[in-house]
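Shown next, in C-alpha cells, is the structure this report addresses.
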Amino acid sequence: MGGAILAYLAKRITPMLSSIVSFLAISSAAVVFFTMTSSTDVVTVSVRNFTLQFGLNAYSWVFAAMVMGISALVSLYNIAYMSGKDRLGYFNLNFTLAIMSMMGIVFANDWISFFIFWEIMTWSSFLIVVYNGIDEGKIGTKYMIFSAVGGYAMLMAIVITNSQIDSFLIADLINAYPTFGHGMQAMIGILFLIGFSVKAAVMPLHVWAPRAYSDSPMSFTAIFSGLLSKMGIFGMAIMFISVFSKASIGDTFIYSQVIAWLGGVTAVMATFYAVIQKDAKRLLAYSSIAQLGYIVTGLAIGTKLSVMSALFLAVIHALYKGILFMAVGAVERQAGSTNLEQLGALIRKMPWTFFSALIAAIALAGIPPLGGFVGKWMLYESMITSTNPSHLFLVILIFLSSTAAFLYVYRLLFGLFLGQEEPEWDHVKEAPAPMVIPMVLMALTLILLGYAPGLLFEPIANGMEFLGFENVGWQMSSLSNIWGDTVDMQYVWGSVVTLFVLGAIFITIKNRKSTRYVTTKDIHTSGEIPEAHENLTYAVDFYKPFERAIEPVMRKTMDFYYNHFGNGLESLFGFVRKIYTGNGQTYAMYVVIFLVILLLIGEQIFK
Amino acid sequence: MEDILKLLGGAAATMLLAFVVGATYGGLVRKIIARTQNRVGPPWYQNFVDISKLYMKDTAVHHGVMQHIGPAFAITASVTVLMFVPVLREGGWFPWFENLNFKGDIIFLIYMMVFGSLGMALGIGQTGNPNASIGVSRGLSMMVGYEIPFVLSLVSVMVQTHTTSITGLMEWQTQNGWLMFEAPFAFITMLLAILGMFHYAPFDIAHAPSEIASGPPSEFGGKYLAMMMTSGSIFAFAKLVFLVDVFMNGASNLVMLVVKTLLLYMVPVLYGAVSPRYRTEQAIRYLWGWPVFFGIIALIYSIYI
Amino acid sequence: MVVSPVHFIAVPLLAAFLMPILAKVNKNLLRIVPGIVLTYLGYVSVVLMNRVATEGTIIEVLAGWSAPWGINLVYTPFTGFLATLMIAMSFLIWLYSFKFKKVDDEPALKYFILQLMLTTGSVGLVLTGDIFNFFVFMEIIALSSYALTAFYRDRNGAEAAFKYLLIGAFASTLFLLAIVLLYSQVGTLNMAEISVRMHDVPTSMKVSILVLFLVGIGIEAEMFPLNGWAPDAYSQAPSPVGVAFAALVVKAGVYGLVRITYTLFGIEGSGIGPFLIIMGGITLVMAEITALKQTSLKRMLAYSSIGQMGFVLIAFGIGTHEAVFGAIFLMFNHAIIKGLLFMSGSYLVYNTPNKEIKYLSGYGMKMPVISLFFSLGALAIVGLPPFAGFWSKLYILLAAADGALYGLIALILVVSIIEIVYYFRVVGRLYFGKPAEGSIMRKPTVGGMIAMSILAIAILVVGFYPDIITGYIDAAASSILNTDEYIKNALGAVNELTPVENIIQ
Amino acid sequence: MDTNDKGVRKIVDMITGFARSNSLFMLAYGTGCGDIEIPPAMTSRYDWERFGYRKMATPRQADVLLISGYLATKTLKRVIRSYEQMQEPKYVVAFGSCTINGGMYWDSYNTIKMLDHYIPVDVYINGCMPRPEAVMSGLFDLQEQIKKGEANGAQKYRENLEWYRGNQKKVIKNWVMPEYNW
C-alpha cells in the first residue's frame, strides 16, 4: 500500500504534469486505496541501520480514507479552477506532492518516515503558498518558520526517543513511554505536542495560518485547511490517547488541561476574528482555526465520547470546509473578487454553488439535522458529563465560539450570495461542471452523514479501539451520552423534513397565481426610487455593533508580539555580526588572541 | 402505521394548542402594554384577526427563493422545538401530547432554537432591504449575547441533575422539588437571559419599531408575514413550556400549564413595557455582565453542592 | 597500466607544469587537458576505492625512501573517499568553468593551472601520511587559493586575497612551528610513528603543540574566530573557485584537523572532543547569525558553509561512530549541495549590482531551471527530507541524542531554523515579485548545466536512496576511528624496510 | 364545497370582511400639517388600537395608505410608489381639505388638487385639520365599506391603469418610475 503511494510520489516528480494528470494520479490512487483497503500488508524500506515501515491500521484508515476521497474530488475541482493560470506544472507538482506526503504520513509506521513525509508536506505546501506571489507580511517565510519550529521539535523528540528505546517504531514508543523517567516523559510529550500543534494551528502557534490559507490558491486551500491541518490532529490523537493515557505520571493530566483550554481559547478568539473579517477567504481561514480548536479540545478531554466527536468533527470539517473554500474559489474565479462588502446576490447566478455552500454552512454552524450537529453534540455532552470541573467552564467557551460562528456563517452566505442584485455582477455565470460536481457530491455526503452518522462512527470506533479504547459503542443514527440521554437523528430528520416540506408546499400553493417575484430594487425605501447604480445592501462593517462589544479583547494580536520578537532578534543579530568587521588586522588579531588564550588555558582543557 | 397516525394527530393537536395559546398571549401582551400606557388596548383575540387577515391578503411578492421558503424554515424550527418539548408532565399526559419527548435533549433544543432565526435570516438577507439586514446583524449579535447566560444556566442545571433530557429533569424534580428553588442562581440567570430571548424592550433593538422600518421582516407581507407571526406565537409558547419544564417541573394539566407559562412570560413583558431600548453593544455588554456572573455562580453551586 | 595513489599527485602536477607549453601548441588543449587528467584520476580513484574495499589500506612509498624519512601516501577508506570526492568535484568544476574565459586571453591559462594545483594540493594533503608533506601540500593549496582569490584584478579581489594571505601566513607559520616542536620531541615526521610515540611527550609540550596545530589548521578549517578570511575570499573569487573552496580547501582543512586530533593525539580521554564541540557550536551560531544579516548572496553562502563546517566539527567532537559517520556524510553532502548552490547562485546574481539578494525578485519566472536548482540546494542544505542533507543531519542528531546532549540538539535545531529563514527568504523572493527593469539574465553554459544537473541528481539520488554511499562512509568512519589499524598498516608497510626500534636509537 | 353557493359565499365574505375590517395596518403618509393629528388618535386619549388599527412601517405589510395634508408633485411620486408596493387588498384614506381640492393651496402651481385622478381614494375626510374623532369616524366608514365589499379602489386602479398612469405622467414631468412596480 505504502509502496503504491511511494511509487506515485516518484512518478509525480518526473514529468511537469498538468492538472488532469495529477487528478488522474490522485483518483487512481484513491481507487487503488478503496479497492484494496482490506490488505494490511507492511511495506518496509531499509536505510542503512534502520528500516522504514509503511502499513495501514484501523485508526489510520479513517484519515487515509478522508485524505483520499476528498483530495480526489478536490483535484477534479482543481482542473477547472487552475485552468488558464500559469506555471501549472510547478503548482500541480507541489499539489500532488502534498497530497501524497499526507498519505505517507498516514501510512507511516515509524517516526522517521513520518517525519520525512511531514517535512515534504511542509515544503511543498510552502511552495504553493508563495505560488500566488503575494508577500504581504512575509507570510511564506512565517509559515516556513513556524512549520520548522514544529517539525524540528518533533525531530528532537524522535531522536531522543530513539536514544531511549533503540527503535523508531510508533508502537514501540507507545509501549515504552510509561517506562521513561518523568522528565523524559514530559520532554518528549511537550516536544511532540509542539510539533503537532503548529500544524493544527493551536492558539499561540496559529499566526501563520490565516494568511497562508487565504493567500494560496483556493483549490489547494480546500486541502490545506481541510486535510493538511488534520495531520496535526492525527499525530495529536496518537499522543493523547495511546501515549499519555498510559503515562505513569500525573502531569499528562496537566497537558490535556492546558491543551484543552488552549483549544477553547483558540476557538473563541479565531471566531471573533472571523466575524470581523471583510474577505471571504480570510473569514474561512479564521473559521478553520476555530474549528480545529474544537477538535483539539475534544482530543484533549480524552473521554470516549469526546475523542469520537473530535475524530468525527475532523472528517466533517474536512468536508464542509472543503466545500466552502471551493465555493469561495468558484466565486473568485467567476466574479473575480471575494470581498464580502462588494459582492452580492450571486444566488440567482450560481445556484448550485449556493446550495452546496448553504449545506456546508449549516453543517459548520452545527445546526441540526446535518453532520456538524452530531459532532458538536457529542463534544458538548462529553464536556458536560465530564467529571472534571474545568471542562464545565470550558463548555461555555466552546458554546460562545459556536454561537458566534452563526455570525460569520451568515455573513459569508449573505455577503456572497444574498443582498441586492447589481449590474456590476450581471456577467457572472455558474461555475463549470468540474467545479460544481465535487461541491454537490460533498454536500450530499454531509446530508447523508447527518441522517446516518453511524456510517462514520464505525471506522472511527474501530480506529479508537485500535488506539486503546475498549468497546466503543455506537448506533447507526442515534447519539447517546454516558448518562444515557439520547438524540434520535431519524426522528429529528422526520420532523424537520416533514415540517419543512409541508411548510414549503403550503407557502407555495397558497394563492400561487398572485404570488410573484420582484427584483431586489423594489424594496421599501420610503417611496424613494433607488437608481440602478446605487447599492442599498448593508454589507460594510456588517457586525460593527458586535465589534464594539468585543473590542476590549481584540486590541493586540499574537502576530504583533511575534513580529516584535522577530525584530528584536534581527537587531541582536545585527549587533553580533559586527564581529566580522571585514578588516584584515582585526581578523589577524582574533587569531593571535585565540592562540594566546588557548596557550594559557590549554593545560586545563586538554589533560 | 397506528403510531404514525397517533404521532401526527398529537402533533396537530399540540400545534393547535400552541398556536391558540401563543396567539392569545400575544393579544394579552398587547393588552397589558396598552394598560401600562393607560390605554384600553385591543381585544384579546386581536392577533387571530391579524393573522387570518394576513393569510387572506391576495398578492404576495418575494425577492427570490430564499425569501420564499424563509418562513418555512421558521415554522419548521418552532414546531420541531415544540415536538421535542413535553407539553404536559408524565402521568398527566393527554394521550396524544406525547410527541417526541424522549427523542431529543436540551443541547439539541438549544441548537434547534437558533435554526429558525438563521433560516429566517437567510430569507431576510435576500430581500436586499438595508433595514432588514441591519436588523439581522443586530439580532444575531444579540443572540450571541443572551445565548451565553442561557447556556450557563442550563449547563449548571444539567450538571446538578446529572441528566440532559427534559423528561429526566422532570423526573428529578418530582423527587427533589422544583429546580427553581433547588438551583436558584440558575433560575436567576435564566430570568435575566429570557429578557433578551423574547426580544422585548430593552432588548428590542433587532426589529426596532419605527427606527429601522419594522426591522428584519420589512419586506415580508401577506402570507409570509402571517406565517412568521404564526411561527412566532408557536415558538414563544414552546420556549415558555420548555422553561416551565426545566424550572417548574412542567404542568400536570392545561390550567397549571397556562398559569405557569403566563407567570414566566410576564417577566420579560412587564420589564419591557416600562423600559427604553439598549443599543446592541450595550445589550451584549449587559448580558455578559451580571447574567454571566450569576451563571458562573450557578455553575459553581451546581458543581459543589 | 597499474594504478597507484602516486598518480593523484604526479599526474596533475605534471599536467599543470606542461600546460603552458601545451597552450603554446594549441589554446584548446588548455581547457581539454584538465578534463582528461581529472577523468583519469577519477578512474584511478574508483579502481583504488574498490581495491581498498577488498584488500584494505594501500601504502605507497615514494622514491624508495622508507618511512620515517621517505614520503609515503596512505590510502585508507577515509582518505580515499575524500580524495574521490575532491576529484569528482574538481571535475565538475572543470565542466562548469569549461568556457570560463575566452580562449585567447591569458587568465584562462592561469586559471586552469591554479585549479589543477588546488586539486593536487588538497588530494595530496588528504593522502599523505607524513606531517611535513602535509605542510607542503597545505602551502600549495594556500598559494593557489591566494592567486585564485585575486583572480579578478580589482580592488575587492586584491583586498580579499590580502586578508587571506595575512591569515594564511599565520597558519603556515604556526603549523611549521608545531611541526618543528613535534620533530624535536619525537624525532619523526611520519604520522603513524608520531602517534606511536606521542604518549611519552610531556603534557605541556603536547598541549602547546596541539594548540599550534589547532590554530594553524583551524584557519584552513574555518573555525571561529579564525575564519575571517573566508567570506571575502568566497565572495570575491570567481564562482567556480568558491565551489572549489567549499568542496576542496575546507574539506582538506577539516581532514587535517581530524587527522591530527584523532590520529596524532587521540580524541578519547583528552578534552579535545568537548573543545571541538564548543568551538563548532560557536562557529555554527556565529556563522548562521551573520549569514542571516547578509545582503549579498555569495557572502550569505560563504557564511552558511562556515556554519556547516562548525556542524562538522561538532559531529567530530562527539566522536562516536555514528557521529563520525554523520560528519563524513555531511562533508560529502556539503560538497555537492554547496557546489550546486554556488554554481546556480552565481548565475542568479551574475548581473545584479554587487550581488545583492534584493534584486532577485521574480527570477523564478525568468530563469526557471537555475532557480529550481537553487531551491533544490536550499531545501537540501537546511536538511529537509527527502534530500541528501536530511540524512547527515539526522545521523548527527541521533549521535548527539545517544550522548544525551539535548542542549546541543536544541542548539543545532534552533540554528537550522535561522538557516531556514535566510535560505527561504531567497527562495521566496525568487518565486514572487516582479523582476526589476532591465535585469539581464545570463544564459548558463552547457558545461555548467551539465555540472549542475549532475549535482542535483546526486542530491536527489542520495536523498531517496542513501545506501548508495553509506557503505563507503561507514568504512571511512571506522577507518578514521581505528587509529591502531592505521598505525599498523602505515608502519607495517615501513617495517619491511626498517624496523621501528633501530629507527629510535 | 361549492364556493358559488350563495350561503357559503355569504359566510366566507362575512368572515373575510370581519377580519379585514378589524385589523387595519396603516401606512401613514404624513406630509405637511396633517400627520400631527395621528399621534393623539393613537395614544391614550383616543387609542385607536382598540379597533385593531395599527401603524405599520413598510408598505409591504400595510393595508391602508393614510395620506394626510397636501401633496406636491414631488411627493406624489413617492405616494404612488408606496401605494403600488402595498399588497392587495389595499385602501386609501385621504384627509384634510388639501387632499380633497387643494385647500388653501388651490392655486398653487405644483400641488395636487384632485388626488382621485392619480390614485383611487376610498375615503375622504374633510376639515382643516380634521380632529382625531373625524379621522376615526372616517376609518369606521372604511370598515363599513370593507364589510360590504365596496372598498375596491385597488381593483379600479388595476382596471384602468392607463388612465391613472396618464394623469400621473401629466403632472410628473421627469417620469422615472420603474416599470416593475405594478
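Assorted remarks:
As written, the chain order gives the labels A, B, C and D, with residue 1 at the start of each chain.
The working rule: contacts are C-beta pairs under 8 Å (C-beta built on N, C-alpha and C of every residue); 3 or more make two chains touch, one makes a residue touch a chain.
None of the values given here were measured: they were computed from a predicted structure.
Two chain pairs, A-B and B-D, are compared here, and A-B has more C-beta pairs in contact (counted per touch definition above).
Between the CA-based centres of subunit C and subunit D the separation comes to 99 Å, rounded to the whole angstrom.
Per-chain CA centroids place subunit B at a distance of 36 Å from subunit D. Rounded to a whole number, the gap between the C-alpha centres of subunit B and subunit C is 80 angstrom. Across the assembly, subunit C contributes no residue in contact with two or more other chains.
Subunit A has residues 514, 518-519, 521-522, 524, 526 in contact with two or more other chains. Residue positions 57-58, 60, 88 of subunit D each touch two or more of the other chains.
A list of each chain pair in contact follows: A-B, A-C, A-D, B-D. Looking at the complex, you find that subunit B touches subunit D at residues 30, 34, 37-43, 46, 49-50, 52-53, 56-61, 209-210, 213-214, 217-222, 225.
Contacts from subunit C toward subunit A in the complex involve residues 159, 162-163, 166-167, 170, 174, 203-204, 206-208, 210-212, 214-215, 219, 225-226, 228-229, 231-232, 265, 269-272, 274-275, 286, 289-290, 292-293, 362, 365, 375, 379, 384-386, 390-391, 394, 397-398, 400-402, 404, 406, 409-410, 413, 416-417, 420-421, 424-425, 427-428, 431-433, 464, 466-467, 470, 474. Listing the residues of subunit D that touch subunit B in their complex gives 15-16, 18-20, 22-23, 25, 43-44, 47, 49-52, 54-58, 60-61, 63, 87-89. On the side of subunit A, the complex with subunit D involves touching residues 514, 518-519, 521-522, 524, 526-529.
Only residues 55, 58-66, 68-69, 71-73, 75-76, 79-80, 83-84, 100, 102-105, 107-108, 111-112, 114-115, 118, 121-122, 125-131, 133-134, 136-138, 140-141, 143-145, 147-148, 151-152, 155, 158-159, 162-165, 168, 213, 218-219, 223-224, 227, 279-281, 284-285, 288, 295-296, 299, 303 of subunit B touch subunit A when the two sit together in their complex.
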